Amino acid sequence: MFLINLLAAGVNLAGPLLIAALGELYAERTGVLNIGMEGMMLAGAWGGFVTTYFTGDPWLGLLGAILIGMLFGLLNGVLAITMKVNQVVSGIAINILLSGLTMYLYRVIYGIPLLPVTVNPFQKLAIPFLSEIPVLGKILFNHHVIVYIAYLLVPLAWFILYKTSFGLAIRSAGEKPAVVDTAGLSVTRLRYSGMIIGGALAGLAGSYYSLAHLNIFANNIISGRGFIAFAAVIFGGWNPLGILCATLIFGIADALSTRFLTSGNQFVPYEFLLMTPYIITIVATLLFSRKSISPASLGTPYEKE
Amino acid sequence: MVEQAVPFVAMKGITKYFTNVKANDGVSIDVRHGEILAILGENGAGKTTLMNILYGLYAPSAGQIFIDGSEVAIASPKDAIAKGIGMVHQHFMLVPSHSIVENIILGMDENRGILRLKQEAAKIGRLAAELGFEIDPYRKVKELPVGVQQRVEILKAIYRGARLLIMDEPTAVLTPQEIQELFKLLRNFIRSGNAAVLITHKLNEVMSIADRVTVLRDGRFIRTVAKAETHEAELAQMMVGREIALKVENRRDVGAARPAEDPPLLRMEQVTVRDAHGHPSLNRLSLELRAGEIMGIAGVSGNGQEELAEVLAGLRPVSQGRIELNGRAMSAGSAQTMIRNRIGFIPADRQSMGLILNLSIRENLLLKSYDRPPFFRNGLLRKERTVANAERLIAAYNIKAPDGETLARNLSGGHQQKVVIARELSLDPELVIAFQPTRGLDIGAINYVHQLLLEARAAGKAVLLISTELPEIFTLADRIGVIYQGAILKTLAIAAATVDEIGLLMAGVDRREEAAR
Amino acid sequence: KEAAAHKIVLVLPGPINDQSWNATNYSGLVACNKQLGTKIEYIENVQQSDFESTFRNYGQRNYDLVIAAGTQFDDAAVKIAPLYPKTRYLIINGAKGIAPNLTGVTIREWESGYLAGILAGLSTKTGIIGEMGGFPNPIMVETLNAMAAGAKSVNPKFKKAIITYANSWSDVSKGKEIGQSMVENGADVLFAYANQAGLGTLMAAKEANVKFIGFASDQNDAAPNLIPGSVLYKYDKLYLFVVGSFLKGQLKPVVSTVGLKEGIIDVVYAKSATAQMKSEVAKAMKAIESGKLNLGKK
Amino acid sequence: MTGDAIKRLFEAQRRRGGTLFDILCPVASVLLAFLAAGLLLLLLKINPLEVYGRMIAACWGDPYTLAEMLVKATPLLLTGLSFAFAFKAGLFNIGADGQFYMGALAAVFVSLKLAFLGPWLVLPLAFAAAVLLGGLYSGLAGYLKARFNANEIIVTIMMNYVAFQLVNFVVNGPLKERAGAYPQTDPIPAGAQLPLLVPGTRLHIGLILALLGAAVFYFLLNQTSIGFQIRAVGLNPRAAGYAGMNTRRVVVSAMAVSGLFAGAAGFMEINGVQHILIQGFAPDVGTVGTVIALLANTNPAGIVIGSIFFGFLQVGANMIAQTSQVPRNAIDMIQGFVVLFVLISYYIQYRVSARRKLKQLTKGVTP
């Protein structure tokens, strides 16, 4: 039972990370680093919340989250691709801006409420029949809609990246943009699309926290999970299946650390448990660096003239 | 060749400004159906820029382009491809980690949507066979030798329906045999009314394959002549704007090699170097080099030249064998040791290895002196000395720059190479390794570099000249060694060597041995 | 001097709309301004590194009273108060009253814990309750233990309290995960004393359809069927009390404690509250007020 | 990652020759940032002009507030230098936050445990320990880069979280205050506190040290052999290796030196300002320093100016929060806008200077 609960929680926690990480994957595969992931997730959580609040419909909220994520993906694109601002800087700038902006606008809209402002959130969706399967049913088929979307995005991402011309172009832009250019495609357009898809998925991932996991918006709602998603891309070796594994590991590790907390554990200080995903990422980076499987032009602006 | 009323492609009055240069200035050229047009010019004359404009990579600041007589707008390579223009760039435009088929179909309209790799691979295989070579479309590009990569490039252009094939310095990376095969391919290609533009620095190639020649200088159009009505010396003169020798005069009697009884300056014995997979890229290579001589290492590229150069530069560890300098064994494997042992090194790739483009000339000149006097003492920089040093060398080597603070990036290729050579020689080496020292340079610059190497020999230094250019070796070297599959197959005095024999040796055939057998 | 003529400011360590600690303190400010006619200003989200400069700036500007919400202001107040003898410094939850113009007011939080425990004890069927705290400081530990004691006092079948610290005041998501995990471990009543993070625990209770005991503010409306009642801190009363004594010139430079007896702690019931709950709570309140029951440190 | 854009900015600046436009551009971008934020302030019915007026008036009001700006600037200056130093070696050290925390940890540990040695000993010791731990921490990232080619951006970001949790552990465990109430250490004794520069303010001699740090930064990079090697490796590691430089060693040392600066910032915050280590104290000192360094094109003089400007922003934020009911997140928002608009202004400057050059070029030839 403990194991089932643990795995179910892990699968659940991994969902939004997975969405965000796949978003980052698109961006990085076109050669741009999106350090603004954290801020864009926050924006998504905010946008989803506000839209749902005013429309009463979480599906519209989802749409709002995606749109606002795209908007800031676009902004990061303008900075990093068109203006060729260093990609680390542009991402940091976006994070700083969004952490202030979302909370400020929350204040503008909701003032200073004593009780948390809540919205009508997504309910868990147990998939008929499948969720009745013993063990697996509870682990896999009793989650929020967004979590199912997350796992469906994995084969989709794989298919797009490796089986379509768009994916081939994306991968080429991240490896050697000049080739894409000489093949008559626009590196700029591809990179923008990577950024915008990345933003959209970041927004979607963020909305999970304000529309499914919780039904409120708060300043710490993302709490560094954008960076975890960022790490999962590396840990997952820049491919969708690897990222799936990476986020599952992070999700299960997270669920495990919570269970350690409630079990009254005294052996390992809690802080060390919290460190583990980061340390895992560092170790994974070490393992993968030798093989240098990262997109070769990742982080390098493309200059045509 | 029949005169045609309407040329295939015509560029008229093309002008192109970059941020700080005018790369093309009212250039007009035309290419006719069924011909090979060569474009000649010194480094920076604007050849590549002009072709990049034709291919849609750059937008011209002014000028028009006509195809079969009607004006066209080429806003991007997509337009160019659609109009039957293909280009093989100097630096290959292939994604190393992707397969051949992926590289070829990238961006093709016919392949929008879901990829049909199998189908395309089969088609590509067929086309390759038609062109007379065989490839495995699923191989990754990074696993292919340069020659094959170039074929993939050509295949890519033709597969996309190129009728005009632009080739930017295609021969710089090829072996003589490969060059011949390439030319054969080009001749086949134009037979059906297609055309090709060939950019090169090698006049002999122009004379052997081009139908007409266009010369650019300083971004301006100079003249277009039919090959039949010109000769190398005239072309050279058009390029540089004045009379110029086609090659340096090598007076082998000045500072000739010391008597053979002298102990060699450098001795390599049975040196083996293994690559990442454990294959020997140098396979028990032995050679000897004496002070005051230039030894040329000829060979088809990929036979261990790079490894040989890097071993002597201390950039590659030796797994077996012995290297002696002045009779003392030394351990290779660190660039620092080699520099301390007074081995100078002129790398093939000046821009990414020989220089730091974003440092000034002055700082590039101290690149190897960072840990010793006179420019650094106790770890502190002594700036006045470095300034004086830069002034002295800029004057001595005729480097075209306002002062030592000019960034290396802002120099032309030839002058960049001069900075490298100035630095290496100013460290007073006993041994100079020159690895493809004139790659990509124009005639004037080549002559200057050759001059400097001859002067180094005259000053009693030993020079190991590793080059894939046979003419270069025949001009400069006193002895010639042929490298084949990681070992020196044979060493000959230059007087006793013929181009034919060396060519065969490069292919691994030792005629005398065969005769003996 | 009139109430409105006094220059008073409330210094808050977090955002005013955190729906918790800072918001409750802010509600005290609102009450004073409404009922006492004061014009108290506030400054929110003051960071640790700015405590001293903030205290100093208000002293410099001749404020009459500077109220700061949180023990963490103690050290800064001890340092700055002597420099501005004309300004009174009042620390809510403060433990240091050593300067003549420095006052500390502490709530006997264990009392509220005990009452919450009674509600929890009478709500649980499994006999297991889940209590989440923000950080394990002594007051927090005391409060959560008092809660377990309260539960035990009314329910012979009470087995245990799962006590966990979120190690954050604001990670809502973590709060929820902890709540879920407590439910997995058999808890059927949840409780959170962890500001925003506690909101997550409430969500977990709702999702798992288990009981929840409201805390600090009236949370009953959040899930009327699941929350039998909330234990409140009546910060409005606390503020009216301290600001009122200040206006009357009766604020003494000591550390005082307040709680049930002063009317600062109270319980509001939801419809789902049982009569037994009400009577048990009333009984306990009496015992505490009379001093018969004391689980706090002296 | 090459940071090409920034290198280009360098070049653009070098060739630009400085016109009025170039001075006006960053100023205008800051004004625009305030304008954008001002429009948003209107949403809360706050008059931005009044707020900004107060912000400026309050900041120049009294010496204490002026000094506060420098107090805030001090750690930012150091973390800015920290990022810039690694950047010169072509490395992105995003770990200033973590190294800052490690420095703070070492400083508070020494200050608490060795205070009995007296100020003359404990202060240098705390400084040395902070700087050393900061340097070791980033040096580790440098080592992983040199040895395994591990991307330093990722490693340093991850190490930030590790450091953060380490601090949490220490203040909840081994160094938790004796009172045991909050996740914080005991205050360090008076003897371990940095002397004040201006009595009556919080300005401590750390400022002088930080400015010295900027001088050291400049000297190290431009006047020494190791600095030359660092720049060479930063611009072209292949060429540097060929020139006999030990690129791995240079990478490790550049990262380590970079961490020294951040560690020193930690020391100054503990021994100079806070005198206590609290969970989650001074967040973002590293991030803001990084932003400053990049806005200043990693030029030390620019970093000095930038950190004072951000010091002004932060103190100004406090002042307006104290004097008007502007929510604190509005300030984060303003900071975000400032960074955004300055970045955009650099781009505009670059484009304008390119166009100017093109114009000169065309004029030179065509009549």
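First chain written, first letter: the chains are A, B, C and D, and each begins at residue 1.
The rule is short, and it goes like this: a residue touches a chain if its C-beta (ideal position, glycine included) is under 8 Å from a C-beta of that chain, and two chains touch if they have at least 3 such contacts.
All figures in this text were calculated on a predicted structure; none of them were measured in a lab.
Chain pair with the highest count of contacting C-beta pairs: A-D. The mean-CA centres of chain B and chain D are about 45 angstrom from one another, to the nearest whole unit. Distance from the chain C centre to the chain D centre is 38 Å, each centre being the mean of its Cα atoms. In this assembly, the C-alpha centroid of chain A lies 28 Å from the C-alpha centroid of chain D.
Remark: chain B and chain C have CA centroids separated by 77 Å (rounded to whole angstrom). Contacts with at least two other chains are made by residues 15-16, 167 of chain C.
In chain D, the positions touching at least two other chains are 168, 172, 327, 329. Touching pairs of chains, sorted by label, consist of A-B, A-C, A-D, B-D, C-D. Within the complex formed with chain A, the chain D residues making contact are 1-6, 8, 40, 43-44, 92, 94, 144, 148-151, 153-155, 157-159, 161-162, 165-166, 168-169, 172-173, 287, 290-291, 294, 327, 329-337, 339-340, 343-344, 346-347.
Residues of chain A touching chain D in their complex: 33, 79, 82-90, 92-94, 96-101, 103-105, 107-108, 219, 224, 227, 230-231, 234, 269, 271-272, 274-275, 278-279, 281-282, 285-286, 289-290, 292, 294, 298-301, 303. Taken in their complex, chain A has these residues touching chain C: 1-2, 5, 9, 13, 103, 106-107, 110-116, 118, 124, 209, 213-216, 218-221, 223, 254-255, 258-259, 261-264, 270-271.
Against chain A, in their complex, chain B makes its touches with residues 18, 55-58, 76-81, 87, 89, 93-98, 102-103, 105-108, 111-115.
Residue ranges of chain C in contact with chain A, taken from their complex: 15-19, 23-24, 26-27, 130, 162-168, 170-174, 176-178, 180-182, 184-185, 196, 199-200, 203, 207, 217-219, 221-222.
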